[in-house]
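Each of the next two complexes has chain A plus one more chain, namely chain B in the first and chain C in the second.
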Partner chain A sequence: MRSVLPPRRRFAWWGSQVATLAVVTALVGLSISNLVQNLDTRNLKLGFDFLNQQAGFEIGFSILPFSAKSTFWDVFVIGLANTLLVTVIGVAAATILGVSVGLARVSANRALSNAALIYVEVFRNLPLLMQILLWYNVVLRALPAPRQAYDFWDALFLSNRGLYFPWFSFNPVFSWSPWIAAILLLACLLAITGYVTSKSALAATVSGLGAIVIGGFVLAAIHPEAIDVSIPRLDGFDFSEGFVVRPELAALVVALSVYNGAFIAELVRGAIEAVGRGQKEAALALGLSRRLAFKLVVFPQCLRILVPPLINQHLNLLKASSLAIAVGYPDLVNVFVGTALNQTGRALEIVSLTMATYLAIGMVISAIGARVNASTRIVER
Partner chain B sequence: MTEFKKMGLALLAWALLITPGIALADQGSTVKAISARGELLCGVTTGKGTGFSTLDDKGVWNGMEVDFCRAIAVALLGDASKVKFAPLEFKSVIASLQSGAIDVAARQVTWTFTRDSEFNLDWAGIYLYDGQAFIASKAIGVDSALDLNGATVCVTSGSTNELNISDYFRSHEMKFVPIVGDSIEQNAANLEAGRCDVYTNDLSTLVSLKSTMAKPDNWVILPEVISKEPLGPVVRQEDPQFSDIVRWTLNVLIAAEELGVNKESVIQMVETSNNPEVQRLLGKSGEMGAKLGLANDWVVKVISAVGNYGEIFDRNLGKDSLIKMPRGASALWTNGGLLYPLPYR
Partner chain C sequence: MTAVPISESPAWPAASDRAWRRLKANYFRNARDGMTTLFVVGLALYLLYLVIPWAILNATWFGAGRADCQQDGACWAFITNRFGQFIFGFYPSGQQWRVELAGGLFAIGLIALAIPGLPFKPTIGAFVLFVLPAVACFLLAGGALGLAPVGTEQWGGLMLTLTVATSVFGLSFVLGLILMLGRSCGMPVFKILSTLTIELCRGLPLVMVLFMAITMLPFFFPSGFDLNKLALTVFAMALFQSAFFAEVFRGGLQAIGKGQYEACTALGLGYWKTHYLVILPQVLRNTVPAIINNSISLIKDTTLIMVVGLFDLLNIVNAGTADPNWLGSTLEGYVFVGLVFWIICFCLSRCGESLERSLRTG
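Now for the complex of A and B:
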């Protein structure tokens, strides 16, 4: 490209490159020298040794094992796991909700499309923080205390401490290996048969997973002692046993999904409407049914338009999950930039590590998006 | 919206470290900066810490921490109004101080080894001998903290409370679930909504909270005090002159109470008192103020503006306030407490 520029333009091109580089270098250099100087005058030292120190506090909710004896590195990992949990559930729920509502928006059914319109306009125009606080303080606070919890079939309980349901665990004493081998073998066989007969990876996956689930039920029927079922029961202040979804997690996930779902619905509607009307008319004229015209002609074209802004929306959800702090859900920002920062005083290290982590997760999401985007591209022959 | 502010402060700490122009670290540097600015930047509790720091409907700050800020402003600048109050959640205090966003935190911050050594902070002394306790609804029928096995506990993010409670439950082989809130309001709202069974904080904070609840009689503070929480004003460990001024401001407030010098009598006592200790304290004899770089009658001005320690306590937390908290360990040593002024000579 440079070679085709006339000499004066070439000079301008090089000049602008050098100037940009100089400005960026100067800014970075200035920041680093200020940092070094300010740290020095405050007698503060940089370093990540503190990550090996015992944290000494408890975290209210964690999907990984944690105790007051864990280190600050464990705090970081647990915060990250909690952030990822909210993000994964939120992205999945927001996408399913958004796509459904988006399809409802363009549906010929007037009532359905108007209901979808109202949902979109209400939830995308209210501030997200307000929505999180609303779900948490209004909806969940209305629930009774554990001792007066709503009781469903003596197995499912709902209180202001969360939703409790039975959970199972595998009995470690039971001899598992022959059963696992048998079930996996069956699953593989069914998956291969599924693929051979239907040529569809989806069918293969479904039959494979189905075999595992059914195999599990058969096992449970023959050997009930293999699986321990724990049913929640009231024990002092709160329920113990079983599995509990805490209101902080529920409020955050619901608010993030409903808010982002409204934006995704608009993206879906926009993408569908952006596919030329002529495409649909031509498909119908060829004798395709409405359903097939949408599935084979309109939808593949609209995916291409939809994927890039959808990834943006998922990135927004990841970042917005840090609003967890408003309801006290222990996400990365809350436990690491909040509690750990105050207990160690390592503001710079902790904030930098947290920023780098968000950046890394964001880039992973973008990379996945880029792959999906590439697969929906028009293949030119 | 305060969550944004708090997040912002953590980031501010980071930003300030990479921004030039705030690094000043030598003898008198903080004092010079305050004089040049004409205003003391003083960190206090967010405006709902009744008795500690509240903003009334006329826009005037009140409370124990606020009075202490004013005392330093009088000592340094000669004017109790030359204070800019920075209301801070607990978790923002240390970052704000380290980054230079405030000169001194008069806010309740527990003096601990790690904070004093590793954080490069300097405590000027102790203005309240406090301890961590629990508040619960009478309805849950708990009389002792030892009955709390399995309880859900509301606690302040990043505080010593968060560490003490882990130690306490572990040493008594009990379990608990923490619900971490940033502010007194957030924790109190969680407690009132039944999201947690008990709220733990320093006893003084709980007494203050209880007095402001809609039905104080429905709440009970459990008898156990599970930790020592020596609270005091804290500064950056960079300007020994400023540390000394803050330390001696606290000290003369306590000394004035011990010597019976109060807001009303102070002017008159400059002339009438024959007690050499009082004469030194009030600048009648010696050149004590100059040794700190202050006016010779600085103590007279401080006491005329805010009163002595006893008056500050009674007005904000004690018998003349809504809270009516007993002096407890924060009484003078001559009355069986732990407040012991250093010799002003």
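Now for the complex of A and C:
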């Protein structure tokens, strides 16, 4: 196309690009020289060596071990783990909620479909940040104090300091290696058999994971001493032992799921309505029951339409999890870009590392989405 | 043959019978369906039973503190007492007519645009889009022509929310168009720059972008260069949103057939005329629903300026609940904020639908 341009246009083609490039280069150069000057006056230098320094502050919630002696790199890893934890739980809950509400939305029962419509219209049009604060400051704060906590079977406790449930840990004294080897071998065997018999990666994964879970239960039944179960109990003003889900995490996860669930419900409704009515009618005419017609004919087709926007919604949830800062849940942005940046003043390094991390996670989720999308595509001749 | 009255014929049941049948088909097809209906209706009634006495029957509407409020009802006195602050923030009370005037001008402009069949609509539209924001900026900030200057740190409440929302919308709309044209114009330099900007902004959380603007950006400016926090925030949000607008516009662009370009070339139109007269009007018309959706999420996202310490509607209400005089009024505050946002967003989506209908071509 370039070669057929008349001389005047060719000049515009090249001239505009060269000029823009020159302006951008000049701006970047100016910014860098400003940066160097600013770093000089503040006596800072660039580099990621600060990651090995001791952080010296506490983190309120972590699924990984952490102490005041941990380094800033540990802070980064823990923040990332907390972000991923919220994202994974939120994505699962939002999908379940959204698909259920979306199905209710297309139900023939008007009461059910109207209830779903009200849910969608209410939660879609309220700011997410407000919803997070509402769950945190109003709903969860209204729960009783630990001493008056709701008690379920003396094992599960719900109070305004969090939800406590029994947790297990592996006894390090027990000789684990033969058991682990046996369970993993069994899992591999089952996964391979599952794949060979059904030619489906899903069946293989399910049978493999199932073998691990069942193996764990068998082990616990034969050798109860191998696994320590810790049950929460009241200890002064709070519970100790067991595993606790703090209100910060709970508010964040609930608000993210309810908010994104409303969007997913609309996606599900759109996808179901996009499948032609003739498809359902033909399936019914063939003698399939309503349930089978939906499961075998409508749903697979609607999945194909649903997957790309659904992945996009999950990416939104990942990004929205950074609102954790509003309730003080220690996610990546809160502990790393917030606390660690305040302590070290390394704005440039910290912000760029966090940016790269978010972009990388986004790319991984997109890649998974592309795989799922490819597996639901119509296979043509 | 005897004439059978229509209402008695079996194929045409009486009105009450029809209503009953419709009720049965829609709500009580079978036992499970009926139980679902009863459950949903029961749940709705229970919620109303909880909400109405709290929000209306036992509510206190006016008062000077939480102590004036009834125990088992909503304390709307919190809202009515601080209403001025929630709307105007810390704007000096003698100067609030400026905010009202700016808001009034926008309201008149928008109403004029909404009246069907009014003449000079393009002129009014251009006035609202380009002249009014400048006038409003001048009115709010002041500092010349005898208007006392009001620093942006005194702006707050609903007024700040709407200011940020409209300026971010205007900036990101234009920036989004530029990015879209850059990405699709076929010139490598523009394409790479636009694609880089778009993908970077789309992959990052807005909180992150705001933090970047506040903590990292000052490093790239000459030292001692005073950056206004509000301006930085608006710029960062506009850049962030423009990536989403650019992708929306690109989707609209891809729906336009090759024939349109070929026809323009045949007519001898250049690049700018082709886009201004033929392509962009179609792109904008095709993308109205997506533009409205983006605007709704943009307005909801303005609440995020809380993290950089600006007092928008949500943050000023949130801060108000910490007042010892009003302790325990959190729920009332959030309900008020929620109502305001919900009404704005709901109206926008309804306006969008009617705009979509009126723009639909045969």
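Note that in this section the second predicted complex is superposed on the first by the 280 of 381 C-alpha atoms of A that agree within 3 Å, B and C clash if a C-alpha of one lies under 4 Å from a C-alpha of the other, contacts with A are read in each partner's own complex, and residues count from 1 in each chain.
Here, a contact is a pair of C-beta atoms (placed from the backbone, for glycine too) under 8 Å apart; a residue touches a chain by one contact, two chains touch by 3 or more.
The structure presented is a predicted model; accordingly, all values stated were derived computationally and were not measured.
Applying the stated contact rule after C-alpha superposition, one finds that A:Leu184 touches neither chain B nor chain C. In the superposition on chain A, A:Val218 makes contact with neither chain B nor chain C. Of the two partner chains placed around the shared chain by superposition, chain B is the only one that A:Phe237 touches, whereas chain C remains out of contact. Of the two partner chains placed by the overlay, chain B and chain C both lie in contact with A:Val333. Of the two partner chains, chain C is the only one that A:Lys319 touches; chain B does not reach it. When the two complexes are overlaid on their common chain A, residue A:Val351 makes contact with chain B and with chain C alike. When the two complexes are overlaid on their common chain A, residue A:Val122 makes contact with chain C while staying clear of chain B.
After overlaying the two complexes on the shared chain, residue contacts for A:Leu284 are found with neither chain B nor chain C. Within the superposed three-chain model, A:Arg110 lies in touch with chain C and out of touch with chain B [touch as defined at top]. Chain A residues in contact with chain B (one complex) as well as with chain C (other complex) are 31, 34-35, 37-39, 41, 129, 137, 141, 322-323, 325-326, 333, 337-338, 341, 347-348, 351.
Chain A makes touch with chain C in their complex at residues 1, 13, 16-18, 20-21, 24, 31-32, 34-35, 37-39, 41, 108-112, 115, 121-122, 124-130, 133-134, 137-138, 141, 318-323, 325-326, 333, 337-338, 341, 347-348, 351, 354-355, 358-359, 362-363. Those residues of chain B lying in contact with chain A across their complex are 1, 3-4, 6-7, 10-11, 13-14, 16-20, 22-25, 90-91, 94-95, 98-99, 114-115, 118-120, 140, 148-152, 157-159, 162-163, 165-167, 170, 176-182, 186, 189-190, 193-195, 197, 236-238. Taken in their complex, chain A has these residues touching chain B: 30-31, 34-35, 37-39, 41-44, 56-60, 68, 129, 137, 141, 145, 160-161, 235-238, 240, 247-248, 322-323, 325-326, 328, 330, 333-335, 337-339, 341-345, 347-348, 351-352.
Within the complex formed with chain A, the residues of chain C that make contact are 26-27, 29, 33, 36-37, 40-41, 43-44, 186-190, 193, 200, 203-208, 211-212, 215-216, 218-223, 296, 300-301, 303-304, 306-307, 314, 318, 321, 330-331, 334, 337-338, 341-342, 345-346, 349.
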